[in-house]
Amino acid sequence: MSLATLDSTQHPNLPAASQTLFHAKARQRLSFEKIAQHIGRNEVATAAIFYGQAKASAEDIHKLADLLMIDYSQLEMQLNGFPDRGKSVEMPPKEPLIYRLYEIVQNYGYAYKAILNEKFGDGIMSAISFSTSVEKETDAEGNNWAVITLRGKWLPFSRF
Amino acid sequence: MSLATLDSTQHPNLPAASQTLFHAKARQRLSFEKIAQHIGRNEVATAAIFYGQAKASAEDIHKLADLLMIDYSQLEMQLNGFPDRGKSVEMPPKEPLIYRLYEIVQNYGYAYKAILNEKFGDGIMSAISFSTSVEKETDAEGNNWAVITLRGKWLPFSRF
Amino acid sequence: MSLATLDSTQHPNLPAASQTLFHAKARQRLSFEKIAQHIGRNEVATAAIFYGQAKASAEDIHKLADLLMIDYSQLEMQLNGFPDRGKSVEMPPKEPLIYRLYEIVQNYGYAYKAILNEKFGDGIMSAISFSTSVEKETDAEGNNWAVITLRGKWLPFSRF
Amino acid sequence: MSLATLDSTQHPNLPAASQTLFHAKARQRLSFEKIAQHIGRNEVATAAIFYGQAKASAEDIHKLADLLMIDYSQLEMQLNGFPDRGKSVEMPPKEPLIYRLYEIVQNYGYAYKAILNEKFGDGIMSAISFSTSVEKETDAEGNNWAVITLRGKWLPFSRF
Amino acid sequence: MSLATLDSTQHPNLPAASQTLFHAKARQRLSFEKIAQHIGRNEVATAAIFYGQAKASAEDIHKLADLLMIDYSQLEMQLNGFPDRGKSVEMPPKEPLIYRLYEIVQNYGYAYKAILNEKFGDGIMSAISFSTSVEKETDAEGNNWAVITLRGKWLPFSRF
Amino acid sequence: MSLATLDSTQHPNLPAASQTLFHAKARQRLSFEKIAQHIGRNEVATAAIFYGQAKASAEDIHKLADLLMIDYSQLEMQLNGFPDRGKSVEMPPKEPLIYRLYEIVQNYGYAYKAILNEKFGDGIMSAISFSTSVEKETDAEGNNWAVITLRGKWLPFSRF
Amino acid sequence: MSLATLDSTQHPNLPAASQTLFHAKARQRLSFEKIAQHIGRNEVATAAIFYGQAKASAEDIHKLADLLMIDYSQLEMQLNGFPDRGKSVEMPPKEPLIYRLYEIVQNYGYAYKAILNEKFGDGIMSAISFSTSVEKETDAEGNNWAVITLRGKWLPFSRF
Amino acid sequence: MSLATLDSTQHPNLPAASQTLFHAKARQRLSFEKIAQHIGRNEVATAAIFYGQAKASAEDIHKLADLLMIDYSQLEMQLNGFPDRGKSVEMPPKEPLIYRLYEIVQNYGYAYKAILNEKFGDGIMSAISFSTSVEKETDAEGNNWAVITLRGKWLPFSRF
Amino acid sequence: MSLATLDSTQHPNLPAASQTLFHAKARQRLSFEKIAQHIGRNEVATAAIFYGQAKASAEDIHKLADLLMIDYSQLEMQLNGFPDRGKSVEMPPKEPLIYRLYEIVQNYGYAYKAILNEKFGDGIMSAISFSTSVEKETDAEGNNWAVITLRGKWLPFSRF
Amino acid sequence: MSLATLDSTQHPNLPAASQTLFHAKARQRLSFEKIAQHIGRNEVATAAIFYGQAKASAEDIHKLADLLMIDYSQLEMQLNGFPDRGKSVEMPPKEPLIYRLYEIVQNYGYAYKAILNEKFGDGIMSAISFSTSVEKETDAEGNNWAVITLRGKWLPFSRF
């Protein structure tokens, strides 16, 4: 089985922690599933930490350092600030897998808005008070299906 | 309760059918939930037809014409071609609700890719062999949560 | 005193309500201050309704129709959907007054982030659960100062 | 508590002083609140100096060198020119916190213009003869609110 | 079976002939396959004439006028100039089907260049001295495959 | 005969494997035709591996290491992740050969869509469940023609 | 002598007043020099009013209506709001004359900044508290030279 | 007094000479006014040489090397080619001071064109056969004003 | 033989004169060669007048009105202002013929600069004090060649 | 006389050969005229080789290595691949000399198309089967004129 890796010449603007973490992950030959189990977080959140898109708690850093055999103080120094999000994906995405998600927004954006507005009123689904997960399903004919769930708090526009 | 409407001066490039359908929907004061039940399709797919982003079958057109009291032949003429998708949302989206979905792709794009690649191998989640739905949840404290599910067939890259 | 007006050839993508409202405002020679007092909302929120950027409640529509002498059912039809926000300002803004606000974000964006993160932790200031207001101050030498206040709920990133 | 840090691989175009200052801040484990108190300036202005967006006076440089234990002449050499502003935030901002501020300009830009024009006449709120501050409020239910104040001199367009 | 149609509000910049031709095609309920057979040209070339991307000869115009029952002189006047190509597709394409072709160029562009250079030397495959066709294949399991062939003259860079 | 090479100052964002492979290819003076024969894959796919746009199987890596005399473990480490596609070609392409392919999409995009929709219904030609090849033809007058074949599975839009 | 005119198909987003004013100017065959003398303002400011880039005072409107024989109340209605500046020139400018001005900013921008900073300190030259004029000079050999003067108040960045 | 300096991490694409010159200028603590006097050129032109936007004559190079105590042959080698102009300012400019100049072009571009055309006929003001200067004025109330003069040869469009 | 025509739905931003002129040209079935001979100007300049990119003199307007049988005063009114150049071609050009010219600039731009600088010194070839022409050549094998000549005055950068 | 040189910090994406060649050219103090004579090619083509925009034959490489005293095998290795064209000029060009050429395409693009179409029919002037040259002319008053000739094969669009 192949593992997700990071080629830093392709991602020159990711934080220093990304290289540290991916390097150790490759060395330890660990999947995100394993790492997520170890730190007790969702796989997507775990990968997001690796890409500098989610904050690791002090405890997360300890567990990551342990599992991945990274010097704790180096990892702590690289991860203890606040994530500077949004620098990993260039938009519109050129990567085919990520483009498909972008295309879903492009095609169904107003349909989602219409349905959400009629169900909840005037507001948005938060992308901050938010969680997401990925599941694998296999149907009767042996086809695999990816299921991504997005769950965000509904925030009504304030009246002022 | 407010209903989703269409202001065509804001959407000059939607197909002619969009105006016909939204106009009738406003006149009949119908929600997408009602319309979706009537035609037996998912709410998001139903709204996507209204925005010119999904194809209506001959039967869908009949049911829509009936429910919305639109002249059948006019609707048929406007809907019987193939959708020319992608013209409804300007990217990056300026609409706050749609931007949040875009931001999810921007922030978690590579995390999704890493998790999907490790679970399925080299490929993509299809946005064509694909369905999506929206649910409303209310938690113990009375907060509302929007849950969007994306379900796409896994397509491995062909070896050639 | 001059009043803010709308020249629709300059804003072809604003909703139909914008023209109705601004036309009536010009005819009645009313300032936003007056209109805001009448409907009991903040001036910025009131102007935002005129530009299609905020939702008017049923009661707001009644009061606006009254004050501005607009046919109620026409206004209700134009305003009872959900705002399709973000179409009024072209970004980067070419309008000098609006550009100055954009420039403040461009120059102080990371400074705000650093201060907010240190004060509140990892999260964002909501632009939805949000209000804003404008005040005029005059100093001892007779100079006028504009004071804009932005007040948004702090949303911490969910841990998942 | 976490402190704001700088990962220079994510910000390759900030001035050399940014790295010097953030490096020392991390080493001394100082918040911007502490640093601002020490140099007697607003927190946002202090962070802006760190990001190369505001000028430090000779006295500021002395105090910063003292508090952060940086060699004075090195810091003086890096900070004694004139800030080359605008290179810290890529527009449109990809960072979610900064994007929210951008979205406020995008959504309320013309509303601010209309209100300011009616209150002050034809002109702009200066972003130069300008100050800004950030406050934290906690409401009765324990929710935190961020309050950002923008205060700029009103500049009328010259008649010529 | 559905036929390809044109919704001119979605394509405001196509030539006047596009509307004339598509309108007549819909009225006569003719597929491009039928039209192509009638005028003796490739289906893609035929559709390209409809979208203003290929030149119709005098004889083509006669045959199209006949088959589609369009007034000859009107069609001649609309088609006798030279095509002003490139205005039909907005790049990057938002239409999912067209995006897939764009993605093939994005992903395999340099691979094509390397192979073509090694086979032919320094030059390009002409897109002018060029033809293309579309075939449908069905494999043993009943899956359909689209096969697009691009055939262009090899043009070596002149030595000068 | 000249061989395709890689000048990494012109392609700073290709993966590390690209440099390893092209460097070895130049040293061994091998064409892609030879390399493709050796690994038993199509030439375009082979070149795509070199540009980081296709995945090499474990067996491919062994064969490439053998033929190109690269240290196996180094190559394996560089190639065993998942390709991060789309970073090789800047769009719109500035390279004349690649631009011609882009222009074909720009000019014939809607013609392809119309023909494919009429032949297959509402859907897309997959760029994932996909293969492509390049052939050289010489006509009676000695002119060379490049023939590129694109073959993708037809994916109908799911009804939901 | 030719006069500057307005072709509104080339400028669809200028305010309605632009058409009224330019139409009358053409009818009366008046140069901006004449109009400027009549209203007692600078020629550039006068032309800026015509393009919707400067505010006309009540007195200006009276004088313009008189000289250009426009119905006063129509002109007053079109001009009494606040200019929505920045919509006349598309940036980068395609017009050669305007491009040359843009190029001066592009080439000498940092030189101006360096000189101004050394002369005035940290700040900007205001474009609001600002006037500009155009002169014609003819040198000894009969060559004509255009001289544009930009005069703006120096605004130092506030210390806060 | 502060001097203009160059932080090369903020300007990675300026020519090598820029670093040499600014480094020496900082070491010698010289203003552009002093340097301009020494080489007998305008201050803006002098700063333009430092930013790689103007050509230094052989004599200029000698004088610069003398005054700034730079090795002559190094400076000569860096400056004896032809300037590759336009790489110093990113457009639209993010720097507030430079943006104000850009905004002047954006707002008054067509007003300048109209006035210049009426005064000179069909043509442009040259940005090549061109000089510019900066002056400081102080008015009766002690306010400082920056005056920038642009003087370019008038070039009529050739008739052909 | 086909003649160049104008489809105004494809060129919504050309001046009104473009439609008048092209309409008359089509009605009179005249080539640009004929029209150019009649008015005594170069063919490219003549076509440029039709596209609003060159100024017609009073005499040109008379001759055009005569030959094309257009009402003189209408044509005079549409053509007597100053051309607002640059609105005909969208850049980068999507039209294949025009793209080839763009590509020549993209590929040979710096080569032209190097040769011109070595031949003439520091300056530019004027595009204003400029003429251009198109010739057709046929070689021994019967191949046609287009020859475009660009002739511009050399403008040295002023020393100041 | 000054010679064209290359400052590689301004051109980070040119091929390695560019630096080798320009460095040697500066060391040998040779003009492109001299180098072109030596290798028997046109000056523009010669400069294009230096900028990585044209292919050098084996014989060209020998002659260049001789004249410029470069180690043959190093130059051969750097030049024996296929040019990856289009990376030298950023579009739209910021360099004033190159911008003028771009402007000619922008202003006269459709005029060229109209004239070429009427002279040759539906097709393009090839930029591949193409040569170009630069001449210097001096008129009676001593003014210098640059003459650029573009000569490309006419390629008619294939009928298919």
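To keep things simple, chains are lettered A, B, C, D, E, F, G, H, I and J as they appear, and every chain counts its residues starting from 1.
Here is the rule we use: a contact is a pair of C-beta atoms (placed from the backbone, for glycine too) under 8 Å apart; a residue touches a chain by one contact, two chains touch by 3 or more.
The chain lineup, named per UniProt: A, B, C, D, E, F, G, H, I, J = Cyanate hydratase.
Just so it is clear, the model here is predicted, and its values are computed rather than measured.
**Q** Comparing centres built from CA atoms, which chain ends up most distant from chain A (Cyanate hydratase)?
**A** I
**Q** By CA centroid distance, what chain is farthest from chain H (Cyanate hydratase)?
**A** B
**Q** Take the average of all CA coordinates in chain D (Cyanate hydratase), do the same for chain I (Cyanate hydratase), and state the distance between these two points in whole angstrom.
**A** Measuring from centre to centre gives 51 Å for this pair.
**Q** Taking the mean of the C-alpha atoms as each chain's centre, how many Å separate chain F (Cyanate hydratase) from chain J (Cyanate hydratase)?
**A** Chain F (Cyanate hydratase) and chain J (Cyanate hydratase) have C-alpha centres separated by 29 Å.
**Q** So what's the Cα centroid distance for chain C (Cyanate hydratase) and chain D (Cyanate hydratase), whole Å?
**A** 24
**Q** Residues touching two or more other chains, restricted to chain H (Cyanate hydratase): which are they?
**A** 2-4, 12, 44-45, 55, 82, 85-86, 91-96, 99, 103, 106-107, 113, 117, 122-124, 126-128, 130, 132
**Q** Using the contact rule from the top, write out all pairs of chains that touch.
**A** Applying the touch rule to all chain pairs gives A-B, A-C, A-D, A-E, A-F, B-C, B-D, B-E, B-F, C-D, C-G, C-H, D-G, D-H, E-F, E-I, E-J, F-I, F-J, G-H, G-I, G-J, H-I, H-J, I-J.
**Q** Residue numbers of chain A (Cyanate hydratase) touching chain F (Cyanate hydratase) in their complex, please.
**A** So the residues of chain A (Cyanate hydratase) in touch with chain F (Cyanate hydratase) come to 2-7, 9-12, 26, 93-96, 99.
**Q** For chain D (Cyanate hydratase), which residues count as touching chain B (Cyanate hydratase) in their complex?
**A** Answer in residue numbers: 92, 94, 96, 99, 103, 106-107.
**Q** Contact residues on chain E (Cyanate hydratase) for chain I (Cyanate hydratase) in the complex?
**A** Listed in rising order, the residues of chain E (Cyanate hydratase) that touch chain I (Cyanate hydratase) are 12-17, 52, 55, 77-78, 80-82, 84-87, 91, 127-128.
**Q** Provide the residue numbers of chain J (Cyanate hydratase) that touch chain I (Cyanate hydratase) in the complex, in ascending order.
**A** Within the complex, chain J (Cyanate hydratase) contacts chain I (Cyanate hydratase) at residues 1-4, 31-33, 43-45, 47-48, 50-51, 53, 85-86, 88-89, 91-93, 95-98, 100-127, 130, 132, 134, 136-137, 143-154.
**Q** Touching residues of chain C (Cyanate hydratase) toward chain A (Cyanate hydratase) in the complex: what are they?
**A** 41-42, 44-45, 54-55, 57, 82-83, 113, 117, 122-124, 126, 128-133, 155-160
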